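See below for the structure under consideration.
Order of writing sets the chain letters: A, B, C and D. Residues in each chain are counted from 1.
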Amino acid sequence: MKDKYIVSSAPHVHDKTNVSMVMWNVVLALTPALAFAVYFWGIRSLTLTLLGAVSAVVTEALIQKMRKVPVTVNDGSAFLTGMLLSYNINPGAPWWMPIMGSVFAIAVGKQVFGGLGNNPVNPALLGRAFLLASWPSLMTSGWLKPKTGNLSGLNDLDAIASNLQSLSPKAYDLVTGATPLKVVQTLRDSSFVASINADAGEGIDLANRIFTNITEMASLKNLFWGNVGGCIGEVSAFALLLGAAYLLYKNIIEWRIPLFYIGTVFVLTFLFGPIQGSGYSMMLPFFHIFSGGLMLGAFFMATDYTTSPLTKNGRIIYAIGCGVLTVVIRLVGGYPEGVSYSILFMNVMTPLIDKFSAPKAFGRMK
Amino acid sequence: MKMFLKLGLTLLAFCMVATALLAYVNSLTKPKIEAIKIKEAQEAREMLIPDAEFEEVHGAIDYYIARDKTTKALKGYTFTAEKAGYSGAVKTMAAVDSSLTIINIKVVQQTETPGLGTNSTKPEFAAQFSGKNASQLIVDKDGGVAPNCIKALTGATITTRAVTNALKEYIDILSQEINGKGEAK
Amino acid sequence: MSFISELTKGIIKENPIFVIVLGMCPTLATSTSVSNALGMGMAATFVLVCSNIFISLIKNVTPDKIRIPVYVVVIAAFVSIVDMSMAAYLPALHKSLGLFIPLIVVNCIILGRAEAFANKNNVINSIADGIGMGLGFTLALTVVATIREVLGNGTWLNIKVMPSTYDPMLITLLAPGAFITLGFLMALMNMIKEKK
Amino acid sequence: MQLRTFPGGVHPHDEKHFSASAPITIAPLPAKVTIHLSQHIGAPSTPVVKVGDEVSKGQLIAEASGFVSLNQHASISGKVTAIDRFPHPCGTSSLAIQITGDGKDEWVDLVDEESFMELPVNEMKERIAAAGICGMGGAGFPTHVKLSPPADKPIDTVILNGVECEPFLTSDYRLMMEHAEDIIKGLKLIMKIVNAKKGVIGIEANKPDAIRLMEKLLKSESNLEVVGLKLRYPQGAEKQLIYAATKRKVPAGGLPMAVGVVVQNVGTAFAVYEAIRYKKPLIERIISITGEGIKKAQNLKARIGTSFAELVELCGGTSMTVGKIISGGPMMGFALPGLEAGMGKGSSGLVLLGEKAARSMEEHNCLRCARCVDVCPMNLLPSTIAAAVKYKNLDMAVKAGLNDCMKCGSCAYVCPAQIRLVQWIDTGKIRYAEAQKEGK
């Protein structure tokens, strides 16, 4: 009689959340984006995603066996990492790409540091950085054209394409062979703009026309639904917002990081986004927040528990930092997209932010 | 105090011996090293423009005028362009013909990342410069469109830029030099 | 300790890179290809042996308090002399090794062995130590370089070893790749040592 | 009515439905009681009876061994049969006096002072001290000490704590519903003792009828008010209650008197009233016997020292295989190894959980999800404290707030990795105390 009662420390009740519930819910929230990817690019996106997720799980299990610690792949964190990694890969990538990335992400990004909760940076993003450094050409070219659209999202592409081809082959190559962010990045390069305008004859501000075109409502619509070129998971802002809403509702992610991240990008791209002569446009910030990996990054990667600050104020600083870096890389840097690098960089800053934003205990005066 | 003095003097003695040795070795080897360098440069020029004799010109940049050994006809110019790469200066020797179109180039000195930037010394890299004029010297990553551009080395865009932009710059200066002289004469 | 054990300890037991963790800068910088690694290893071994001899010879006249600056002067002077002589009399060899010689001055192994070994031991043992450490350094460097060159360039000593369909993993040639490779090799060494 | 609250906190299911509607039932006389000498914060009481002595109900059997200590009284008439170590309602065991009853149940010197309101303040305090009253919310701080603030800390507000934010417990609620007028009298007495002008009764929103009742009774009193509080744990913690009711922040490490406030549990106010009016010592209290494991959950008015086993029997026994017995509420209470212990002055409830509810999950690595940080009512970094304690870095633990923690358990409640944060913090507090001792 006496021994059968459990004696443990308070509290004796617990709310329903646990690690695996959190992780599998995030996986669930990510599935709409996958559905869109499959719709636009075919079953290949699903195959790549599964390859990434499964190899992450296998790697984690093997390493935990090697480390002689309990195998905890059921908690879903490895699956999630592999899935997020695959989401950052171009759907036209070779099949071994997500596998290499997942193995690296789990082995070097996570298990080396002691597994779940101990990694200094987001393992999925580290895996992506590894892939980008290892196979830069495979990672940044060979984008697949979505089923019903075109890579750059320029809506009236066919109409202007023939025009462009005769006016300036360079401009034609640009709008037909690159993702929206790449087009914008190239258009920001004054020497390129000068050269296409020179090609096309004087008086035609071709760059400006393309630039305005890409931020038009019709193009934004393509971006919003995901009818443009891009990585598997980042393409449809709509699907990602759907998943994000679910996570916010479930209280799994907190609103501060996404809001301040996206808000910073919005404000900064409004101020500094226009190219010479294009003038301020209310559409341009929308172009920037819907394109590339920002939605995926802001809702699903920057909010990663382990690598974001503990404190509420810290999260705001962190999110603004991510936003500023993203805009700097997009507008000034060498890469068209900067979401993953800016999150990785702010991940590293997290302990510092935590240190300086530690809250004052209730009733403690400074 | 005395101890410090003693230590200081000992160290001084070591330094003096070392300096003397270095000075002596330097005096022995310097002329030889110089000679080797000049010979190498001459060989490099001859490789770029064969069967030519070279006349050195000091102007805004130093360059050599290459003339045919027998006919003395102008064959072109050679010069060494220099610009900062990823880790230090990248020196490229180039030969251009009389219309300033590149005949051939050779990266002669660089300290770039082995395996990436050092690929700039490979003949495949040099080959794509042949036949290009100053306006075509633009790296693809900077908006150049093939085939009238320079394809960046994988993982070494900065090195490629250093070489390409240095050449472009020097050719531009060279063209002013030559044309300026022509007008003056 | 005998001459032989001084000679062999540097290869595994006291490997300068994997165990003593000395000379990381040249290791990370020059291990991008096997030929570089061999060049660096040989140049470093040569300088190491010579500097060990010198330091061991002057150990009785070097005041203890200023031994480090003296070593620095001796090593730097020595390296410069080697560099200049090589350039003047062996230009072909200098062309392939010349790049590494200035790097040797900052190679901690040289100073480290001078401080830890040569100034306490006689010339013969110091030579053995220099050769052993140099060999260990060369070996470790070659191992790191082999992994990096094969994965990052698909070649080994500039000979193609990977199938033509292989897409080289460029990161191994970059600085992060050097750290990761070195880290894994050190982990491996520790694992082997623990098993023993 | 506008509901007030504090920052942070969690929302556990309140589970009050088991016993909320059960009126207070007077428990029959127990055959035996064990009265612990340490039912309060401060020095244990010193026994004044020997084994074999006959005692009457209400007789002093152990006296306070200093200012911060407490008198203990016999809760039944009978014979002292043992002075020994007995299981304590905190799960440990400690020295207690065991009395075997003779069934007579005779009071010693009880009075009925009609003009109790007019008594001098010193007399009131003496009566409280004599009655052995301590805080009845659970912490058990001797009431006469709390009501003797130093002269340089004037008190302007007395807050009665009727929050009862712990899930399951309903003893304060029933007391408020059935003895509201006496509680208000107690409040007035306390106000008089500390010379406060204002009185506040804080009640959580899940007890709307208690709020309405109190409001009705206080309508004519200009200096007394009822404050409705949002349903949020730990609303009833002293500092959080003060902040919610008055917007004053008690300085860290300080006492409520630093901001001119005294907080007393409604049960304490009731005991104060009875002690001053009738000179009645604290020998009985309301305890909720509740939880899914009990057949008929009840609020019992039982004698101090009655064994939990007896109380459970009074409620019809268990209804399922019980996994865990909790003395107090499930957030801060103690899990007991068995039902042998006798209830103390701070025992507000006994919760029996079924096996499924009692099972705890395995501890995982900390995810750094910051839920604990978000809910901490004291604005601390619980995960950092726990990690610092785990890796024996006391300085870091203190920096992250080790000494400010009141162990409300909100952090451990929400932790998805099931880390026993409170346990780690407890360990840290013990280690810190040891380190301090060694330092001195």
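In this text, a contact is a pair of C-beta atoms (placed from the backbone, for glycine too) under 8 Å apart; a residue touches a chain by one contact, two chains touch by 3 or more.
Keep in mind the model is a prediction, meaning the values are calculated, not measured.
Undergrad: Using each chain's Cα centroid, which is most distant from the centroid of subunit A?
TA: D
Undergrad: Looking at A-D and B-C, which one has the bigger number of contacting C-beta pairs?
TA: It is A-D, judged by the count of C-beta pairs in contact.
Undergrad: Please tell me the distance, in whole Å, between the geometric centres of subunit B and subunit D computed from their C-alpha atoms.
TA: 86
Undergrad: From the mean C-alpha coordinate of subunit A to that of subunit D, what's the distance rounded to whole Å?
TA: 51
Undergrad: Centroid from C-alpha atoms only, then distance subunit B to subunit C, rounded to Å. What do you get?
TA: It comes to 31 Å between the two C-alpha centres.
Undergrad: How far is the middle of subunit A from the middle of subunit C, if each middle is the mean of its Cα atoms, in Å?
TA: Chain centres of subunit A and subunit C, defined by C-alpha means, are spaced 42 Å apart.
Undergrad: So which stretches of subunit A touch two or more other chains?
TA: Answer for subunit A, listing residues that touch two or more other chains: 136.
Undergrad: Which residues belonging to subunit B are in contact with no fewer than two other chains?
TA: In subunit B, 154-155 touch at least two other chains.
Undergrad: Of all the residues in subunit D, which ones touch at least 2 other chains?
TA: none
Undergrad: On the basis of the stated criterion, which chains touch which? Give every pair.
TA: By the stated definition, chains touch in these pairs: A-B, A-C, A-D, B-C.
Undergrad: Quick one: in the complex, what on subunit A touches subunit D?
TA: Checking each residue of subunit A against subunit D gives 1-15, 17-19, 21-22, 72, 75, 114-118, 254, 305-312, 315, 358-365.
Undergrad: What residues of subunit D sit close enough to touch subunit A in their complex?
TA: 7, 10, 12-13, 91, 167, 239, 243, 249-252, 254, 321-326, 330-338, 351, 353, 357-361, 364-371, 373-374, 377-381, 383-384, 399-401, 404, 407, 409, 412-418, 420, 422-423, 426
Undergrad: Would you pull the subunit C residues touching subunit B in the complex into a rising list?
TA: 30, 32-33, 36, 63, 65-66, 69-70, 73-74, 76-77, 80-81, 84-85, 87-89, 91, 99, 148-149, 152-153, 170, 173-174
Undergrad: Could you please specify the touching residues of subunit C with respect to subunit A in the complex?
TA: Residues 167, 169-172, 174, 176-177, 180, 183 of subunit C touch subunit A in their complex.
Undergrad: Show which residues of subunit A lie in contact with subunit C when the two form their complex.
TA: 94, 100, 108, 112, 130, 133-136, 138
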